Amino acid sequence: MAPPPFPDLSIGPDMDLQLALIFLQQGIASGLVSGSVYALLALAIVVIFKTSDVPNFAQGEVFMAAGYVALYLFVFQKMPIWVVLPATLVVAFLAMALFRRFVLDQVAKSAKDLVYLVIATLGLSYVLKGLVRRTGFGDTPRSFPALVPTDSVMIGQASVTMLDLAIFGTAVTVMAAFFWMFNYTKTGRAMRAVGMNPKAAQLVGVDLRRCHMLIWGLSGVISAIAALLISPKILMTADMGSIVMLAFAAAIVGGFSSLPGAVVGGFVIGIVENMVGLFISSRAIVLAPFLAILIVLVLRPQGLFGGKLTIKKV
Amino acid sequence: MSVNKTAAGLTLAASLLIGAAAGAQEPGITDKAIKIGIFGPLSGPNMAYGFDVVNAAKMYYDKINKEGGIHGRKIEYVVEDDRCNANDLVAAVKKLVEQENVFMLNGGSCSAAVVAAKDYVVRNKVPYLMLNASGDGALFPPTDYIFGAYSISQYAVGGAMVEFAAKQFGAKNVAYINHDDAYGAWNLEGSKKDAEVNGVKLSVESINPGINDVTAPFLKVRAANPDAILLVTYARPAALLIKKAAEMGFNKPIILSVTGTASLNQLAENVGKDALKNFYTQEVMVDSPGGAKLKPIYDMYKAAYPELAAKPDHPQTYMPYGIPPAMSLVKALQDAGPNPTREKVLAALKTQDFDSGVMAGRMQFGPEQRAANRSTIFIKYDGTTMAPLPGVFTSRWTYQAK
Amino acid sequence: MAVALPVFTSGYVVYIANLLLVFVVLCLGLHIVIGETGQFSMAHAAFYGIGIYASALANRAVDLPYPVAMLFGALVAGAVGLFIGTLALRMRDIYLALATFAFGEAMQWVFANWDSVTNGPNGLRISPARFGPIEILSDKQAYPFVLFFCLVMIGLTVAISRSRLGRSFRAVRESEVAAMAMGIDVRRARIVSFGLSAAIAGFAGGMFGLFQTFIHPDSLGFQTTILVLTMVVVGGLGSIAGAIGGAIVFGLISEVLRQAPQYQEIIYGAILILFMMYAPRGLFAFIGDRIREARHGR
């Protein structure tokens, strides 16, 4: 372990340029790591929004619950990791797909307005949180053991751990795989068609119901991966789903219906969080995502990557 | 002291005079029983702070009842859930006072929420003893009716830590990381006196309890080159900061406040043993949780709640905290004599001073003192063994009328 | 009957009744913006909080009858609402929901960190409300006033709904394009509905100060917004009676759930999901439909 070379300086108005540079490098490095996880979650939100127009307010709780499924299997049932990982992803896939199929389809059938679908997802978030708390495992912060050592390495003047690098690498790989699937496979093309015009997609033979289940399921899988990646880092509690706010902020910054936008947005939010903490105030860190949402929506509602803002409402 | 005793005597005499008439009207008291109201977070995100604390208080009352009660009366308790939320806590208190007609209250595990009940309790002149809430906002400025901080006054938490850092390590430059909530405001204010006396310079970072990435606050603290880091945070941010400190090669002492030590084993699992090479935790009890001096209480819990005790993570760490407030209540009732009134109980509380055998310091109230405990011990923890260090560290903070 | 409530029951029941009446008014406010105008607003708790703090601080600063402080709270909240409404003009649906949500969270942060005004994380003591010589010190004393103000707000909401303004709100909800074609100033309608909704929420904050002695930023978060939204939805989106009934029914459910602590979140979530699945027009419409079915069908 190599501690970063810290000059003996106190912070204040006379903050030395060198110290500011160290702050900047460390802030960006750590921000990219957390940002990669926010980006994954933002991706999970945006892919659903793009295809069903529903912002899934339960995404954070799906992420949280998936983390606890893995924790339960791995730590309490002592299952081997090669069983735990796929099992968690399958559970997340099924939960989301079934919620889409049996709950949201029914809601959509009995009400036309968006607000009903949104509230149903809020309901899901409460149910999941309540279930996890019922188990009693949500009381104390727990960690899913890191599968990668947490030894530090220096990049420039920033110190990151091997785990950080693994998180970043996995997140980027998953995102790349998802893009490939979404853009270049038949399933992906069907999904995009559903997002653009569901009726037309149905006419050319896309099974709408199956496609929606698949999208929601995949979104669950991405959330579960995010949970597995970040829980060794942020620790698990029944309230860890609140991290979804950072993902929403990322999605907004990226334009909310752009997949690459969501990813870039995730990195932006991760870095902004650290910059606010380092150069403004630690107290304001939690405020950063909300300010980002407000500023982007007021100044450039289509986000940094969204195209022209289209009015969907008739 | 003597003035105080005279005053107590006078109130006692006065209440004896009207006792015959008023006795019948005291709510919640019959010849057979005294009804009290217990409340705490039995659900929701803060359940861990109070669920087993309530259970501990209940089992203590059950024990007293089994031994014959107080002056022949049994304690009858009604339990309400306050969800650690201000509105719900007030609803619970009002229900207990006006619907259940309890004689006195014993409840609350979350400081911010108990403050909401302050004016109501005072207006209705109900004796109110907190559970494990430090609740300084409701204790100070002192009133005749509210007593608490049996675990520790939050004002004293930071000061005792500063004292320890200065005495144990000769630290002069100390990093102090707290939360931007009521707890944080109180413990920082309370620590200033001890910092001044010890000539310690504090570099303060206040963070939100929901923080996910602690890189920024840690870097800032690190840049101040501290001799020791005091973490006056909850368990999760504390674990994140300890991890970050290890990742960044910080090897000077890290001292964790009692608010962040819900489960030390879990902490070791969360941060890894390597991160705990120079690590100390504050403890308000006489011994580490589960330690030899506290064994009778753990045995009592196992006997009272065999099913719960079999579950993982039970009893919760804060469980023994429920005993001293219950002792205090029982003692006050005993001291109030065979015909207790609210006035007599309150008078008895104001001069109460006893050793609970559970907490590090004596439970002491006084004319202006409404916080029972202000002392802590420190434990060196390396991830496997907890070694209590000699010495009790007490904060110099005292209430100053503004 | 309802007026005589304090005579018959304990202070606890009256406290719950007071709280419910405040929530009725909060629901009326949300009804204006969501139910009438069809705009997604997720910052209701923020406007409520602004009302609580503003009226409590005004009450402390000047020695005037409490209704003046309440009006001040409503005005401040309304002004902020107009401002947010103006900013929100360019946004729709989910964007509007997220922007107002972010605003709500940011306001909660302000309540908790603007120490010099709100007393920050220590929470603010609310001094007793005064009406001339009368000082209100208990729930029972406060109840007639709370009930009166609640009825005034119900009357006001009905009046707004039946006025031209109310018709323009509903026209915007049905179709902005059609509303514009009918010569309705859509921008104005949207901004005004935000302002009115916020002012009513702020007024509810003033009502809260009638019987509560303390406010803490913790109770002004997204949870509270969701609680109000749930009430409106359970009662039936778009109807004033639904908003009122929803507040009462769901408020009581929430209080009863305090007795079943282990399951409350699950039950709460399940209620939301089941209502959306099978009774999206609200409890009362659902019951009405079942009764009609029972009568006509076999």
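Order of writing sets the labels: A, B and C. Residues in every chain begin at 1.
Basically, contacts are C-beta pairs under 8 Å (C-beta built on N, C-alpha and C of every residue); 3 or more make two chains touch, one makes a residue touch a chain.
The structure displayed is predicted, hence computed values, not measured ones.
Asker: Between B-C and A-C, which chain pair shares more contacting C-beta pairs?
Answerer: So, comparing the two chain pairs, more contacts are at A-C.
Asker: Taking CA centroids for every chain, report which one is farthest away from chain A.
Answerer: B
Asker: Once you find the CA centre of chain B and the CA centre of chain C, what distance in Å lies between them?
Answerer: Centre-to-centre distance between chain B and chain C: 36 Å.
Asker: Find the geometric centre of each of chain A and chain C from their Cα atoms only, then give the gap between the two centres in Å, rounded to an integer.
Answerer: Centres of chain A and chain C (C-alpha means) sit 32 Å apart.
Asker: Indicate the residues of chain C shared as contacts by at least two other chains.
Answerer: Correct list: 113, 262, 264-265.
Asker: Mind pulling the residue numbers of chain A that touch at least two other chains?
Answerer: If we look for residues of chain A contacting two or more partner chains, we find 133, 283, 286.
Asker: Check each residue of chain B and list the ones that touch at least two other chains.
Answerer: 43-44, 180
Asker: Touching residues of chain A toward chain B in the complex: what are they?
Answerer: My answer: residues 1-4, 6, 8-11, 19, 22-23, 26-27, 30-31, 34, 76, 133, 136-137, 139-143, 145, 150, 152, 159, 161, 234-235, 237-239, 242-243, 246, 270, 273-278, 282-283, 285-286.
Asker: Mind pulling up the chain C residues that touch chain A in the complex?
Answerer: Listed in rising order, the residues are 34, 40, 87, 90-95, 97-99, 101-103, 105-106, 109, 113, 175-177, 226, 229-230, 233, 237, 262-273, 276-278, 280-281.
Asker: Can you name the residues of chain B that touch chain C in the complex?
Answerer: Touching chain C from chain B are residues 42-44, 80-81, 83, 85-88, 90-92, 94-95, 97-99, 112-113, 115-116, 118-120, 123, 137, 180-185.
Asker: Which of the residues in chain C come into contact with chain B in the complex?
Answerer: Where chain C meets chain B, its residues are 10-13, 15-16, 19, 112-113, 115, 120-123, 125, 137-139, 212-216, 218-219, 255, 258-259, 261-262, 264-265.
Asker: What does chain A use to touch chain C in their complex?
Answerer: For chain A paired with chain C, touching residues are 49, 53, 55, 103, 106-107, 110-111, 113-120, 122-131, 133-134, 245, 248-249, 252, 256, 283, 286-287, 289-291, 293-294, 297-298, 301, 309, 311-314.
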